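Chain lettering (A, B and C) follows the sequence in which the chains are written, and residue indices restart at 1 in each chain.
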């Protein structure tokens, strides 16, 4: 119970801080927009071509954006040593990680949902008819990115060259998420859309495996 | 009964038993054994890097010692439950991007206090920040931030209060206020363990002083050393 | 020291025996000819690399729980040795692929997963160079090593399920892959010296790391004094 109430209080703080300034969300949205627009120059974005490359491009943009967006996650807590204050206050340090990864999932989903219509229009792929299924994939994929990303941003925040280090650590680790989400999304963007349950299940497995690992080893990440 | 003006607090004691802390093989503390009795006000003196901060962070359970043991004591009982501990660190430990009130409410909720709102209200007025409660901490002066930091540490009505150079950056007025607040806590029975630089109205509160040098205790008023000598010692 | 020299001699003998078996005992493949014999280096390297990474994982978990620097030394030794074997695998793969498939690199499931694996452990070693304080470096890299290793089956699974537009791998493709059973026996025999070599390399690397640890401690002590 105390885990949930602590997580709730901390999640509230994360969301309140971000939605007050919207710095992170704005920057990430603009970054993804930039990637989507620039990518269109690298191939001829006809409807058929976009169906082949669109899903991959979209997820690659999300992944790169996430590896930048997750940077300040723990760095922010260093300014005033607030991480120590949190560790002194909560009974289970896992709640700190849980709140952070929930907040990151929300931030990622918000930016993805803002960018989805732009992607659909620029690349001429219909998304409205598969919106529900797409939302499921976006959620499971973003959750996986956030779980691994939150853990690794706690690591990279304590190293030198952290801005470069986080993508280097995170991107290879997220290969399975990239592969599975791209496959499922490609299926949904097809002329005859279909939901690849195997991929959805795989993403769920990834999320559960990494959440368990974080639960087992998370407290050591926050150690001083 | 209020937080900074309590009638009676059951202070708890701390017992450091042969504490060692190594950072990558380097000693930050070596063979530190120290008994702080309930209700004592102990000043830790020593140069930068002598291990004061490490000792305080071990007492707060933020850092785990490489070897040795730390126990909390209460009326001679060694294995009492972890007492309520407040920690005022060198950094403010509050969020710049939240208001003073939001900060206190957040930490009160995290510590699962039964009545976060009235407690927050009371503390804000006691540290003299009632009027600025809705301003972001970012806009505060150093002295006001330190007041928020102290209010945060007092949220759970600590039995032990740990302070790491609490007077840093405070103007004389702020120091006087802090000394007054700490005096009330000490007189109510709260155990205080604080690291200090030189003599000040705050060091005047100390009932005992201990000097650390290179991670070891080298002088203790309880072993006959002179208080003034320990606090003013600059070292060569 | 002497024991290690004897062990090194045994490893050399075993490798010579394996080379003999690979060149003269294993039958020549009717379709691929002589070049296929590189699998007797390629496959054992891949598998020994995986074994090394498993050792690294065990050392990482042990370090997190016990905080004994010796586990950290073993962790970094295993990761480096694993990278050497994985690199050998990644180099011999294209050498084999060129004459057989006509191209150096195909995005074949096995090759691709091994490449991702290689990247993960390069990241592990890179992380280690970017943290100064030894305890912190040991703890954080151990935690990353744990995350990296549990990612391995997921990487292999995802790539195998979705990225195999190319024909199934020739080796271990199942009982009907049409390979002579003698080839499997030789392959298995070739794995033994590789594992022995792994132990030898890890042992020397561990000794080096232990000396480095001691040296660093002396240096830091003298700096602090």
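To be clear about the criterion, a residue touches a chain if its C-beta (ideal position, glycine included) is under 8 Å from a C-beta of that chain, and two chains touch if they have at least 3 such contacts.
Just so you know, these numbers come straight off a predicted model, no measurement behind them.
Comparing per-chain C-alpha centres with the mean over every protein C-alpha atom, the closest match is chain A. Chain centres here are C-alpha means, and the one lying farthest from chain B is C. In terms of their C-alpha centroids, the spacing between chain B and chain C amounts to 51 Å. Note on chain placement: the centre of chain A and the centre of chain B lie 39 Å apart, centres being C-alpha means. Rounded to whole angstrom units, the spacing between the C-alpha centres of chain A and chain C is 31.
Along chain C, residues 136 each make contact with two or more other chains.
Of all residues in chain A, those that touch two or more other chains are 223. Taken together, the chain C residues at the contact with chain A in this complex read 64, 116, 119-120, 123, 126-127, 130-132, 136, 139-140, 143-144, 146-148, 150-151, 154-155, 157-159, 161-163.
Considering their complex, residues 2, 5-6, 9-10, 13, 16-17, 20-21, 79-82, 84-91, 223-224 of chain A touch chain B. If you check the complex, the residues on chain B that touch chain A are 57, 60-64, 85, 87, 89-98, 102, 106-107, 109-112, 152.
If you check the complex, the residues on chain B that touch chain C are 22-26.
Across the complex, chain A meets chain C through its residues 148, 151-152, 155, 158-161, 165, 168-169, 172-173, 175-176, 179-180, 183, 198-199, 202, 205-206, 209-210, 213, 217, 220-221, 223.
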